[in-house]
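Same chain, two partners: chain A is paired with chain B first, then with chain C.
== the complex of A and B ==
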């Protein structure tokens, strides 16, 4: 339903653009129309990397400029038609994006944005250095069409409209694809996305390359329709990025309609102000433009699109809260299977703090292993080593008899180890179903199949009724269930659950414990971290106790809670001295 | 002096405290112990005003505290030394201490209070010009304590002063708390994971378990009660 609406919207933009182009007669109006289409295209291009993937680029005019320069230089030097030249420009822009992205995506957040500022500056200096301060488009009077030299101003806006439509289609395809969901997941929580099998680096590179091409094509058309003489300042300058950011911020980021809305409003305002008020009151156009921009940003800080759209109500919901699906029959005690995960001598030191010291244990197929220890014992660090967020200083992790140490999180996930987080890391702007979908894409399924898989995972945890709400409307219990579903959607053989019971009510603990047993019954091996022992005593087959980064004890739950070393870790040496271990239990270090 | 009745606090859907009732009398030293995640820190935050109370009553000297924002509660004489110390690392030791005497009642007596705090923690006098971030963990904890005392509080809330410190340093910190207590008739509410150390210092104690008061009693009663262990280990 929403899918068709998306395509209908693109068709509507095309029809409206066409009608405007045919209806307008004045040369000047066609110029404005061309600019609206071009800056909307630039906005859409920027939106792919910065809107969907959240990697804010302040240097996107680098690709705009490359498109303009390459096309015009090919025509001027090699007499190549710009129709082919602009494809060459787009190709070089994509190549440049890959070259730029390789080092730059190693930077996170604002540092990425700052680094991107440098690239257009470099290109400006390079053009100056090569002597291309001014490159005029060669006049070819005998082949005007072949060299994109039209008398009829309508031709340029139709050309720009075609590019806009193509970029809208590209954005739409990205939005509904596996890549699109991965990008949105990266934007909202990169670590969680990685843990769900998303290769963040490759996804960002793909988005960057895809966003460079339309920018380059827009630059080429801009050169022919507006500039006629290409200068470093004209295409690599600040104006180009300011226009791009303005149309996106006014219209809304992270949606294909934002840049279109922003361009349709802001470009005509700025052009008409320049032409009318600028003559009589020099400078007034800047004041009015700035005031308009401020007014819109104050009223709609996230952009007009998000302000006007009725968001799916995350809070109001009709479906009842979680209902526990009938419990499976009581499980027979699990016979310990073969060792699947083998952790040997793991050590990890943070500046001066030994978080893990020579920790070894193994996990057998089909068991529920609990890892307990007071706060600061190194439990979460251990999980971060197991799923690839951290590289251990020493030691080895083996999974199914193959080395796993040093593999990045998305590879660990794809090999069958899923995880959840101590504080649920959900993707707040994705619906519950879409959150789970990110996990379901781990093995590269097609969108339709992944969607079915995600629905099934939600049904397994009893959240089918909440599929289309936003996570903000869920309770803590429901969020944890959603995260479990997202983890199960990656089809793991082993799951690492980081404090799944923390902060739940007694009923919640019961329900979550039932879900964990059911997960195990479905053949998934479970490793749970908890700092409270009570809950795990009934749930785990075996406990490993960590304290100050060391393995303190290991054994059956009843045995471990009577272990003097464990009592000392939790209550202190002096408590032990006063009370003794209770019923003495054999020590198994 | 301080009375909580039926207090509950939740974050989102997460119940951190449920129906907690306790009281602290003038001049008393009360300890709250319990395993991690029991709600100890939340309890102190509710008293000092950095989390919103969901239900129940909170009275200080017979006055309802709930409508007061946290800075006004500080002005009433409640000083909170938070978990993890929260000193200002780029300011000097002296500047950190001076910021502690921000509340009006403390400003007039600043020089005097500073002298007594420095006497209590000679190491802070030695390092007064040093950036607080360059202190060791134990020294930072002393600075946090000193900063709390600079407000000349009537009620001192201490959140896990032993956290992340080596055993020897922990002993030192607890000794200092004991000295502070003997030197003034300050009312202290201490939250700790280290059961024996905390209970040995206090007059009375409460054991918190998953957001509820599981046990309450005098120092000696709690120290002898095997049920305390159950709150930690469940068996």
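== the complex of A and C ==
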């Protein structure tokens, strides 16, 4: 969606809301309209952390309740106007989000969601205990405006509409910013995001804090417009989170419009049902919400917005997509530069398995270093230690003469070490350009500059024509090129390429090898993992051989392929006995 | 504090914890085998309480027997729920999103059950007035409530039966194989989908039986599910999501924490102690007491 259409949509929601508010006359209709705006706001708030970042929160009503309670208690006890009180409530909600988030974001996926269940329950029990089972809004007849006590129901619609518009603007700003892309990358593949320089923890915290504020403001307005008497069950109860979830899931998650659509459909239905049948069937609202959640999950789990907007799939491509760039002239043998990466005595054990044992080597500036070894030799584990996914049990990694061991992946990336993965880790719901954009944000937050940078990186690997497609439509070669572009977009000084040639055709290998040579020609040091020696002998200046977690050999490709220990590791003792160490033919290119 | 008073709290916690352990095993079994977090588990427990209640009131069946007699109908109910709903959101997708979808589906189911029960049976609390619920065994200086003691013993027997079933019988082994590696199990001729249905049925039956055991000393009302599902989650996460022995220990620990919290905090704050324990464990050992930490890459 283009930039302008987003803002136009927000303006349209504002105008439609305004027209409805002016057109409706009955008190009861205004109540429904206010509720639609409030639950759309609450849905948008939830959507920031759970939609964009994919961290499903089952306890978001905690902030809704904090907003309501703080505002009303400040008015009741200190006679503070709710206009200021709700800002105080939002502030306390943000603070609570930071306090809750700090421990809770240590938990991944489903554990995070389960832990968030506990918080509103704790608040609920505490409010009961503190004697706030029922806090009435103090009636102040002489200052109705100052105390948000309007006779005219339209005023509450407009107030809620203003909050909804502000939340839409906030969400739109997040969507188009570095934070927004980082959050979506975290949702799609947290590790790949971290390897591209995204500080996942801080991004989640920022999203959580930003989502707490509108929730708290919605709670404060809800208390004044609807409740009048705040109870723990009314604001911290299950129905609050259920309504939030329902409007989001029905409308669609991860978009501005989902919660608005969902609220516009679900809230009137449930209110009208409650009004017409609620007396006879006291649980009717819960049944409707529950059945809706079940139905949506079974038949349209992506929600109405995405369902209606689904693009026509599979646009046929006619021309070969990747344009092979001219292979630059063979490079002159590089004079070994200074050591940039110094790996000393790295050991790593998984339960009962020694993956790396005392591995040492160094990488010099401007070279292509190949790391080879049979499957299970510890190659990928080594990369995971180098880029910060794993902490080594022993040993040290130094980068540009500063210690790197123990630095988290996003720091490693920002210091100039990029990586790709053995199985390409892309962000499936981001376009090719946006995938690369996540990497481009590693060195600056300005979206326009990052976008240019990402486009340039895509052009460099010959994928400019695919910028706006989704990665699902790409071939293996194109995916690997996209991942390389994403890695190069982080402006690395050194790249760790994990089996970049795996699964490629002969032509693909040629093209990828050319790309790797160009990368080196552009001044980037390259470390490549491969398990076939042939591919690397032509490409690498130097090889390090790993076997069973140990460094077996190191040296120029020619030497290494004649090394008896290497031949034994690859072909076994019997082959060596039969042919002798002079015969290294199978390992030669 | 007098040692015997402390011992009394410990014993009370243990007796309640035994029933929590049984209900948590049901949740853990479903998660361990199907990777489904079943939000509706508390509601099946609540329905189990009602069935035991009606067994007792309408047919005069003893609540302990009633709890056991809840197992067959709830096993069938679990099979049906799995076949009608859960299979539609399982298989062939991103496992994380699938888990979210199942969680939300079962949350929806939970809302439907709670509210439909409220509509049909009214929100009025009921109770089985078992005479032994107000009597106690005296063991030295300790008082053991009789209803809780019987329920505790039955829960332990059922938990032991589940353990034997899973480790000693062919069906139990097939269930565990389906959990460890669904694809490989499929190649061995194990029908993974049926196994999931069986696991869901057993999980639902166990929690319904636990509900029946609880019914002899706990008021029965539609909204009882919410409090217990949270306790079950806490127990299961404490024990390590999916670990059945872990869930058992987790349930006992929850009972103890609830009981011992009373020494420090007033009754209303009883569950705050449980949540604080939960958050501390999540913070210190996110994989739970018995869970294995997954490799990062």
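As a working rule, the second predicted complex is superposed on the first by the 547 of 589 C-alpha atoms of A that agree within 3 Å, B and C clash if a C-alpha of one lies under 4 Å from a C-alpha of the other, contacts with A are read in each partner's own complex, and residues count from 1 in each chain.
By definition in this document, a residue touches a chain if its C-beta (ideal position, glycine included) is under 8 Å from a C-beta of that chain, and two chains touch if they have at least 3 such contacts.
As the structure is a computational prediction, the values presented were derived from the model and not from experiment.
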*Which one hits more chain A residues, chain B or chain C?*
C
*asked:* With both complexes overlaid on chain A, does A:531 touch chain B (first), chain C (second), both or neither?
replied: first
*Given the touch rule stated above, what does A:562 touch, chain B (first), chain C (second), both, or neither?*
first
*First (chain B), second (chain C), both or neither touched by A:570*: first
*Answer with first, second, both or neither: which of chain B and chain C does A:125 touch in the superposed model?*
second
*Which partner does A:505 reach: the first (chain B), the second (chain C), both, or neither?*
first
*With the two complexes superposed on chain A, say which partner A:283 touches: chain B (first), chain C (second), both, or neither.*
second
*asked:* Per the definitions at the top, what is the overlap between the chain A residues touching chain B and those touching chain C?
replied: none
*Using the touch definition up top, name the residues of chain A that touch chain B in the complex.*
374-376, 474-478, 502-505, 531-535, 537, 557-558, 561-562, 566-567, 570-572, 574-575, 578-579, 582
*asked:* Applying the document's contact rule, which stretches of chain A touch chain C when the two form their complex?
replied: 54, 56, 103-104, 106-111, 113-115, 117-118, 121-122, 125-126, 128-129, 191, 238, 242, 245, 249, 281-287, 289-295, 297-298, 301, 350, 380, 384, 389-390
_Help me check something: in the complex, which residues belonging to chain B touch chain A?_
11-16, 35-37, 164, 193-197, 210, 223-224, 226, 228-229, 232-235
*Residue numbers on chain C that touch chain A, as the complex places them*: 37, 85, 88-89, 96-97, 99-105, 107-119, 123, 222, 226, 230, 233-234, 237, 241, 266, 268-269, 271-272, 275, 278-279, 282-283, 286, 295-297
